[in-house]
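Heads up, there are several structures right after this.
In the two complexes that follow, chain A is the common piece, with chain B as its partner first and chain C second.
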Partner chain A sequence: MEPVVKRLRGVVVAHWKEIVLGAVSLVVFISAWWALHVYYANQGSVYAEYLPSPKDVWSTLVGLFERPDPYIRVPFSEHISASLERIAFGFVLALALAVPAGLLMARFKASHAVGRPIVELFRPIPPLAWVPIAIIAFGSFLGPVAIVFLGIFFPVLFTVMLGARSVEPTLIDAARTLGASRFAVFEKVIFPYTVPYLMTGIKVGLGIGWMCIVAAEMVSAKGGGLGYFILTMSEFGAYEEMYAGMVMIGVLSVLTTGVAGIFENFVYRRMGMK
Partner chain B sequence: MDRKVLIAIVLVVAAIVVIGAYAATVLMRESKGGSVYYLKMAPATMAAALESGSVDAYIAWEPFVSEAVVGHTGEVLMWSDEVMPNHPCCVVAVSTNFVEGPNGVELTERFLKAHVEATQWMLDSLEDSQGSNYTLLVTLASEFTARNTTVVEEALKHLEFRYQVDSVFTSALEEFVDLYVETNQTTPQEIEDRGYTSVSDLVEKYVNESYLEAAADVQPSQTVINPDDPIRLGYLLGDLHQLAQYVAADDRVLGGSQSLFEKFGVNVEPAIGAPYANGGVVMDNFAAGNVDIGYLGAPPALIRHIKAGVDVSIVAQANIEGSGLVVKVGSEMSGLDDLVNKTVATPGETSIQHLLLRIALDREGLDLVLKT
Partner chain C sequence: MIISVEHLAKVFTKDRREITALEDFNLEVQEGEFVCLLGPSGCGKTTVLRIVAGLENKTSGTVMIHGKEVGSFRPRVGMVFQEFALFPWRSAKKNVEFGLEVKGVPESERTAISTKYLDLVGLRGFEVAYPKELSGGMKQRVAIARALANEPEVLLMDEPFGSLDAQTRNLMQRELLRIWSTARKTVLFVTHSVDEAVYLADRIVIMTARPGKVREIIDVPLERPRDRTSREFISIRSKVLAELDEEFDKARAKELTRE
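== the complex of A and B ==
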């Protein structure tokens, strides 16, 4: 216990300015939200119902964990796990394809020539556009996963490509001169050089994955999900529940990015970069 | 080979095996028995989903029922009037802000006159399937729904256009709200907070027949009353139930010189973003001030008014009945209890189709739960 407390205290002492500023920014945001709600409520405007107070949203969020909503009648924890599952699958699939593809396209002229037109063609199409066909083609589980996959794939691919291309040629030449094989060059120079870019790609990709979750779950989401929950609540006009779902996505996104950050630190430490 | 590389390969293979095994369990996961499962789906994609086997049945509005029947992929297990005879479906709603605005009352009455005439024209045209008006009606229906004439001809048989507001209508609305209360989707407290003493008081005030009654005396107008300030109309994408507004806006109906809307002196144009995906979106646009008059299903009009206070009133009906539960041809399903442990696609929890299916299953002692 002792060293952990000591380390935490060390972090707080070293970063107290950031912590205070962060807290102030959150407090200001929530007050502004609350003030706007009170302003509408005092006017008797219908917008007060579209923007419930943070307190109501909070108590709704807490209540959702105790009993399921009366509209979809699925426990909130199941919505969360359904969405997490989708993000996880989409993310792993995207990573498994984007990393090798990115490395190949960055290092070999032929694979770049083959891959580039396809990538450039598909990259600007928003994942949302694929929703109706993904549901029919892949069904109610893999369909939404495919949407998340599309959202994550391209940012990861491009960061990996960028990383693998920015390796200084002199480093490769040096390694070759010292007698390294092509594989050794890849293992000892190119891949390590790409890792920081890959880490950025992972963090960006996870964030985009959460951004895609509502689109992914727009139709036919087996087992529900937070995106499905948010959309359905808005259709019923149950706005407190809707905002509670949005807050939950924010919290989960912060948590997953946080885990990615810890992983990043671990990798950097192993590689001796920190 | 390097030991490090070996470890890396082993790790990657292990990860793939673990992820693959988990994916298999997710995909094979069976829902626990004893209920009927649903998935939300856009009606336009339901027939394809039924054919691909991703759902075992679907419930939707016309023409998406007849689409599967005509295409020989589906057969109808139950029509919606078997659940509730003469059940209300789509209605015409008017924004309170619009009625209270300049010329609001007169424009509403004139709009409704055109709605009534268009509905009457459709009913008359349907009487004689050899007549030229019938051919025109089928053409218009086909254009509006983007479905071929065989599909819309079949679909037109299964719904009834109807504008009148009567006691069958209001008591059905009360039944819907009662069900919402029973299932906790709203509470008596919420209804009271909106300023109504009871469910019947809510329906009585929310449905306003006075404009429809006044519309009976509206005469054709030489001039358009609102040339620069059109009525912004909200309606749903390709919903055959709402054909009246398409008929009223088309000048072929009166022989080519003017539309029914023009005849009665109103300038109407689609609202921003219209046609909409579902009734909830129509209510959103009412709330945002984008829509003056809208066609939508009765249940979303009710629940959104109760839960979010969207300030509109129901002024006429558009149609009754006209939804159906479709199963695959040759599936040998003969009754609702054959749907146990099967998956039905519905247009979503707010829709009347979902509500009626829930009522029908409830009578058989079955529950409708989200597919997991």
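== the complex of A and C ==
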């Protein structure tokens, strides 16, 4: 534990200005939210109900982990894990297809010619436009997974293509004179060169993934998930629960991005690039 | 004869215009020889090297290494580039082992070989260093070790010291001769520095302006280590320089008439 504490202290010392400013920014935002709530409450406006105080939202959120909401009556953790599972599935599926597709499309004219029309046709369609048909076709679990897949696939595909296109030609020449086969060039030169680009794609994709999953879950009335939870709570007028669900998405998104960042650091360290 | 190039021609097509980079280029290199290719920029000296390395296709002519036609097989050559071309995600050791790794040499053997060559280039103790932690001269030492670790028949060097500062450049030239005399490799070395060519080479191949062919081959019969200030050195240097200047003027004249 000792070195972890030491490292944390180091981070705090090095970045105390940013930490203070970040904290101030959060405090100002929450105060403004709170002030608006108090203002509506004093006026006796119904908006006070639509905008509960941050304190009530927080205690509702904490309470949700102790007992299920009185409407759906499913433990909150099950909603969370339902959403996380869908994201994980969609994410893995998108990576498994987008990385090889991006590498091939970037490096082979034929694959580019084959892939490009499909990509150009599908890219401008927002993933959310697929929600209704995806739910009908794939059901309440795989439907949202498909939406997450669509949301993550394109940013990963494009960043991987960009990375694979920008490989320094002399690196490939060097590998070839050292006896590397075509496959070895892909495996040992083009792919590692693309990794930093891939990491950017992953982080962008995760954010889009959260947007997609919530919207997709709002359409499907079965199978739980945070999107379903938020929509249902608003229908019952349980606004504190609704906001608690929204805050939870924010927290989870920060956590998944954080995990991606730690993973990125780990990979760069292993690759000697940090 | 380790390298033999006969009637080599290379025509590039660029913007629908054909550019003849090489025309009737002939060269023979003996085993263990150090040959420098010298010429005005754009004369195709790098193209010769890339064709010998099997990195580029020729238009016509024959290029043989040990009597076997390049193109029908992958020549066992080591190439060193001006930009070092080290893999930034690999340590010095792992860079040197790249060729062994793709050949499937087992790890213990790889370590023995990479240790030997990092030693040879004077980088003992830098095994775990990554390229970005190394100076330009050290990077090029890694690149040389990497090329040698593959046990090439020929070492091809494309302006390897072109991006180094003058002091490091002189040091690396001395180091290269030391490594060359230990490893006993045939070297084909591209440069545009007359001084470098006279300091290093057994023979200097002066190329004409585009289309590149051999203008003249000048022997450098001086003992190594060579003294750059000796009368013999300077006299060879001026002779090479005079030839090169003429080609340089031709190249410039051609450039001007094109516009």
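FYI, the second predicted complex is superposed on the first by the 265 of 274 C-alpha atoms of A that agree within 3 Å, B and C clash if a C-alpha of one lies under 4 Å from a C-alpha of the other, contacts with A are read in each partner's own complex, and residues count from 1 in each chain.
Everything that follows uses one rule, which is that contacts are C-beta pairs under 8 Å (C-beta built on N, C-alpha and C of every residue); 3 or more make two chains touch, one makes a residue touch a chain.
Keep in mind that this is a model prediction, so the values were computed, not measured.
> Return first, second, both or neither, reflecting whether A:Leu128 touches chain B, chain C, both chains, or no partner chain.
Neither partner.
> Looking at the overlay, does A:Leu104 come into contact with chain B only (first), chain C only (second), both, or neither?
After superposition on chain A, A:Leu104 lies in contact with neither partner.
> A:Leu36 contacts which: chain B (first), chain C (second), both, neither?
neither
> Tell me which partner A:Lys188 touches in the superposition: chain B (first), chain C (second), both or neither.
second
> Of the two partner chains, chain B (first) and chain C (second), which one does A:Asp173 touch, if any: first, second, both, or neither?
Once the two structures are laid over each other on A, A:Asp173 reaches chain C alone.
> When the two structures are overlaid on chain A, which partner does A:Leu84 contact: first (chain B), second (chain C), both, or neither?
Once the two structures are laid over each other on A, A:Leu84 reaches no partner at all.
> Could you say whether A:Val74 touches chain B, chain C, both of them, or neither, answering first, second, both or neither?
The first partner, chain B, only.
> Check the contacts made with chain A and report whether chain B or chain C touches more of its residues.
With both complexes superposed on chain A, more residues of chain A are touched by B.
> From the superposed pair, tell me which chain A residues show up as contacts to chain B and also as contacts to chain C.
On chain A, no residue contacts both chain B in one structure and chain C in the other.
> Give the list of chain C residues in touch with chain A in this complex.
My answer: residues 50, 53-55, 74, 76-79, 81, 83, 85-91, 98-99, 101-103, 130, 132, 143, 146-147, 150, 156.
> Within the complex, which stretch of chain B touches chain A?
That would be residues 5, 16, 19, 23, 26-27, 39-42, 45, 48-49, 52, 54, 183-185, 278, 280, 283-284, 287, 300, 303-304, 306-311, 345, 348-350, 369-372 of chain B.
> Give the list of chain A residues in touch with chain B in this complex.
Answer in residue numbers: 46, 49-50, 70-74, 78, 85, 89, 92, 96, 132, 135-136, 139-142, 187, 219-224, 228, 232, 234-239.
> Quick check: in the complex, which residue numbers of chain A touch chain C?
On the chain A side, the touching residues are 168, 170-171, 173-181, 184, 188-189, 192-193, 195, 271-273.
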